[in-house]
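So the structure is just underneath, and the comments pick up after that.
Per-chain residue numbering starts at 1, and chain names A, B, C and D are given in the order in which the chains are listed.
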Amino acid sequence: MSDHNAAAHDHVEHPTWKQYKWVGFWLLVITAIEVWVYYTPFKESKLFAPTLLLMSAVKFGVVVFYYMHLKYDHPLFKRLFAMGLGIAICTMFALLFLFGALKIGG
Amino acid sequence: MATADTPAGHEGHHEHVHYTSTGLENRKIAIWALIGSECMLFASLISTYLIYKGRSKVGPFPHEWSCKTSNVVGKTAELVAGCAPADVLKPILDIPVTSQSTFVLLMSSLAMVLALAAVENKGHPLPAGAGWWDRCLASSKFWLMATAVMGATFIGYQSYEFTSFVHEGLTIKTNLFGSSFFTLTGFHGAHVSVGVLWLLTLFAIDVKRGLKGKNDVLLVDICALYWHFVDVVWIAIFTLIYLIQ
Amino acid sequence: MATTAAPAPINTPAGTSYAPGEATGIWSWLTTVDHKRIGTLYLWTALTFFIVAGIEAFIIRLQLMKPNNQLVSAEMYNQLFTMHGTTMVFLVIMPLSAAFFNYLIPLQIGARDVAFPRLNAFSYWVYLFGGIFMTVPIFFNVAPNGGWFGYAPLTTMQFSGGLNIDFWVIGLQILGVSSLAAAFNFITTIINMRAPGMSLMRMPIFTWMSFVVQFLLILAFPAITIALFFLQFDRFFGTQFYEIAAGADPLLWQHLFWVFGHPEVYILILPAFGLASEILPTFSKKPLFGYNVMVYSGIMIGFLGFGVWAHHMFAVGMGATADTIFAMATLLIGIPTGVKIFNWVATMWGGNIRFTVAMKFAISLVALFTIGGISGVMHSSPPTDLQQTDTYFIVAHFHYVLFGGSIMGIMGGIYFYYPKIFGRYMSEKLGNWHFWSFFVGMNMTFFPMHYAGMLGMPRRIYTYDIGQGWEQFNLWSTVGALLQGVGLICFVYNFVKSRKRGEVAPNDAWGAGTLEWSIPSPPPDYNFAKIPYVTSRYPLWDIKQPEMTAELTHTAPDAGVIADAHAVPMHEETQYYTAKSLGIPMPFPTIKPFFAALFMVLMMAGLVFIHLDLFWVAIFVMIGSGAAFVGSLYGWLTSPLE
Amino acid sequence: MTRLPYRRLGAAMCIAALTLALAACGGQEYPNSTFIHNSEINTDIIALWDRILFMGTLVFIFVEGLLIYTIFRFRAKPNAPLPKPVHGNHTLEIVWTLLPVLILIPIAVPTVKTIFKTQAPAAADALQVEVYGHQWWWEFRYPQYGVTTANELYLPAGKTVAFTLRTVDVLHSFWTPALAGKRDLISNKTNYMWYTPDAKLAEDAFNGFCTEYCGSSHANMRFRVYTTTPENFESWAAHQKLAAAGSPAALAATASADSAAKKAPARAAIIPTPAPVPVSNVGYIFPESKLKSHNVPHTPIPASLTFDDALLASADVAAGHALVTNIANLGKAPCLTCHIIKGEGAMLNLSDNGAKGPNLTHVGTRHTFAGGLFPTNAANVARWIKNAQVMKPGATMNTFGIGEYSALIKAKVTAGLTDKEIADIVAYLMSLK
């Protein structure tokens, strides 16, 4: 099976256990912070929602880029995913705006 | 969509390795396109949940709710059945329990990457003096099973959550919150369940004839991509639905 | 399996509708995984549904021919227009486009098949069974009757207790599976199955437009899938998504529907644009003008198409800000579309235009779509739209774009590709009859609707009173529909007859430039005996009329080639061989996708029994066919492809 | 194949032109035209429309002209050399990307202006009208006057009307083409719109339509708008506000000579009411003579629904009154469980929101009924009561005629009203001026 023409795919460096475990670690830490913050007075703050969104966006990104190895993979996959995600997020915001539900944290 | 025991694609049929324009595997492109599409699916579900949040006319409600501190958009207190202004309704979402299930699901993603790495590294002999942990890392069966078990645990948590909600009087028919909550998390749960079955199938193949070689790496890889995506969706759901009020 | 000796060709065809050496008989069609046969199946099926939906339209027209007419009952009328719209959109134009995706995309990109041949067969069977499931109820007076966009809460149990809406909601869900499966398939095919040298910017424009459409499909369908699930759950399991008493917001349905619905209209038109872009250059003897811009504008249309959906909802009271945003976004779409129109004209400018029937259809697409586009721009201004929405002015708009655009383009495509598909030409004489009665009839039907609408005629009314000022327009529309019917009969006759009696067509029936014309007509099951190495956008012209592609940048066949064992310099193939003699592995025919589709449809359809108060029958049917579905799927996934 | 179809193209164009000509000068009236300046809103819309139509026509003429010129000029000629293979031209392409922008800006700017102008809040002193959509009829309430009516909307010319639009069931849409654009009636949502019928409109009648598909009788959900002078309007409203003719309340009111209606409910139970007393002054009613042919419904009466019209001539108003209003007859003629007749049926305590059917207090003053489907006359109303579903597909009112097939209960009516009883009821209803 060595002579295949999938040049791009096989020769890239895949992350290893060392990296995976750190990713896993940060996922846990961020989740822990999220839940912790939920029980602090910060919950009432206007910044609560944006902060949480930011944290989950980081988690989202780490999983996608490292666990789903989008960072190392063919750029095509990045585009396929970004297109779906981009349109989905825009649509979601537009819908929330139209229904007057865009008052996160309020 | 041939599974491992098909003659197609490997085992000597060199000519059968089809030429592809990008050098990428068809199935991998398809799974990424599917994931792109699923973004839109979950965006619709999450939007619905958020739009309907606070529009239910009767309890139970997701978060702590009292008639006085009403965060119900545009609804006056008397719309809420049996609600005296002094009542404080208990939040129905149980953050501690859900945090645990979130934890399990996140860790399953870690197990999943390790399973993939183990399949990819098949054929590379372990370095001399490898400890039990190295051997463990090299066991794709172990990690596949671990992922499936964690997925099943997540489903277990979800069943527990659903039944306890039903006991507290919230079913899919109760109010808008119930309908949109159960449908959203139910869709996610269905995705997890499909993933668990998929993982178990891979595990079975691994037991039967061992997963190795390029084609098998691909098999595990697309399952992993799906699995991580389901995880990522949960990250969004956990924050948007459970934590942010 | 290297070819040792040159294989012997098998007999050349005398214009049979399938290549020699291929299996025939019903079983071969049920088990086929050949993209060309599946494309042909799509074509036949969709044309059948076209006749059905056309007859529905014709009855609508007869009913509206004069005021206070009593030809059909209100209930029947409501089913007729709902089924006419739903059928035309989901069972006619989308599948007609799919017929071309299937038949053409692999040929145009120089592939032997699609990426997932069995999934492809599955898509077709799901479409067929889903279509039957939706269409049959009209004969029993229980067809869907909620309009093609089924606004809640009219479609909830409270207001539509019968089975009618059940057929609609389940049927659309079934068709969604078919469209989505096909879309993933074609995305993969186009990305990954192109012949060596066939870079994205060398793909024929039809393939490009189809590519855009597949993305529209995978991103738009989830929204309606969810909206339909909500409705289904409401109707069958008592959820409250559209339950007014529970505080539900009916606009949720509208938004989710149109988030899908507007991209959907581009799903309906872009394939026709693609076909016109193949036909116009061929019969002008000129390359397509501004290929790059054509590609970018197609992408632009698709992209903008996701940001304008609420222009269908200007009357719901979204507020001035939202109205403004969606109006402006809608206006913007005129720009890339205009570019396409002008580029088509520029393609013909300075050419040698041959007025074949296909060409006439393509030209009329340009002419008629422009009219529909302009009325579209008129709706996109909310204050004026408040006088237009839900009137016959809208009906005029969308028939100009759907009939004048999609149907005209697709008809052109059928005349154009018929010789490739069936190995024989369609009769130009009958074709001319068809074209002119369609062209005149369609204008006669739909142009007066502009007047009727602006003079106050609401749509979806089964009757209207005397003296409202609409009589003459309705009469004209009905006469026009009759003329279209005559055209359709000419077409059907021509289509059926020419298969056996048409003039035999050579490989390159029209002197076109793209790959599909370099292989025999009809193409052998393996498509290309030798996968060609592509060096320009019009590889066939490179050989036959190099002066026409002289201006294009070419790559030398050996420059940085990713060598494929089968790739050879561009050539024409005239002989038929068997795949086996060429050593080309072909996918096995299999019945499994057929059964998977059948049982999946049965499983989803089983829900209906719940509303017949046959709860246990429903459970039995759903679990039974669910198990059979999983079984077929298992058999399918574990059996080798080729 | 290469022969140019001049002749046929010519024929096609002739037919198209003919259609146009017919449309333009058919010598017919277009009562529902959206192009009539009857309100400031419509005037704004027409101005905008004219601008867009002009731009659209420019584009149309340019594109179609260019297209026709191109296909004629560059048609294949025998032995013509191969055309020059032009693959594109950047300048040209930029030009025709920008060209549409030049067309779109003059559309966009007035569009935005008009959006904000027409959607601004209505003037504070506007006449308030609450529109309620029902499957398949319209309810109009005038909260400032305490008036509720159905299917006929009276408006004072020259005064701004602010509509509040709601539905009690599915979505509907409120549209009078000759007066203004439409606005949907949406469940769980209140919509607003306003316009000012021009002061120049004196006694004019307009047809209105439901334009959101709402089920079986969507086509039959019509209404009329009557404009009149403000004085006439006040007169109409003042009378509509009163209790029904002959009702205890009305009698009480006549008894105390001036408006003593306040005390009515208290006396309602005491005063026996043998027969309704015809009212002498019914206030302003839009004169029948001002109705044009297109304002009068011509809906065919189903042939299967027969009624002996002779019965109507000999009908007894008092008997009808008793049938409808005497609680003892509620089982037989449960009219007041769905309809309000102001001053009657106090014990049912039906509110506007609780009434499933149109308010019948002054049904005799309305020119049309059942969603503007029929002229209000005894023959039609009698058939309506006998079998409403035959008169109007899907109608939700019970079938009352004994022996009639009721589409609602999917059976023949056994316990209902005889034709005689119906005739009496009709006589009573028609007396409700």
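One rule holds for everything that comes next: contacts are C-beta pairs under 8 Å (C-beta built on N, C-alpha and C of every residue); 3 or more make two chains touch, one makes a residue touch a chain.
Keep in mind it's a predicted model, so treat the numbers as computed, not measured.
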item	value
Most centrally placed chain - per-chain CA mean versus overall CA mean	C
Centre-of-Cα separation between chain B and chain A, whole angstrom	14
Inter-chain centre distance, chain A versus chain C - centres from mean C-alpha coordinates, in Å	36
Centroid distance [mean C-alpha coordinates] between chain D and chain B, Å	52
Junction residues of chain C - those touching two or more other chains	191, 218-219, 223, 247-249, 251-252, 259, 562, 564
Contacts with two or more other chains, residues of chain D listed in rising order	none
Residues of chain A engaged with two or more neighbouring chains	5, 76, 83-84, 87-88, 91, 95, 99
Chain pairs in mutual contact under the definition given at the outset	A-B, A-C, B-C, C-D
Contact set on chain C toward chain D in their complex	67-68, 70, 73-75, 78, 146-147, 151, 153-154, 159-160, 244, 247-251, 284-293, 315-317, 319-320, 323-324, 327-328, 331-332, 334-335, 338-339, 341-343, 345-346, 348-356, 363, 366-367, 370-371, 374-375, 377-378, 381-387, 389-391, 428, 432, 436, 439-440, 443-444, 447-448, 451, 454-469, 471-473, 476, 545, 547-552
Chain A - residues contacting chain B, complex	1, 3-10, 14-17, 20-21, 23-24, 27-28, 31, 34-35, 38, 48-49, 52-53, 55-56, 59-60, 63-64, 66-68, 74, 76-77, 80-81, 83-85, 87-89, 91-92, 95-96, 99-101, 104-105
Touching residues (chain side chain B, partner chain A) in the complex	10, 14, 17, 19-20, 22-25, 28-29, 32-33, 35-40, 42-44, 46-47, 50-51, 53, 73, 95-96, 99, 102-103, 106-107, 109-110, 112-114, 117, 120, 137, 213-214, 224-225, 228-229, 231-232, 235-236, 238-240, 243-244
Parts of chain C lying in touch with chain B, wherever the complex brings them together	1, 115-116, 118-119, 180, 183-185, 187-188, 191-196, 198, 218-223, 225-227, 229-230, 233, 237-241, 246-249, 252, 256, 259, 531, 562, 564-567, 583, 585, 636-642
Complex contacts: residues of chain C adjacent to chain A	191, 215, 218-219, 223, 249, 251-252, 255, 259, 306-307, 310, 318, 322, 562, 564
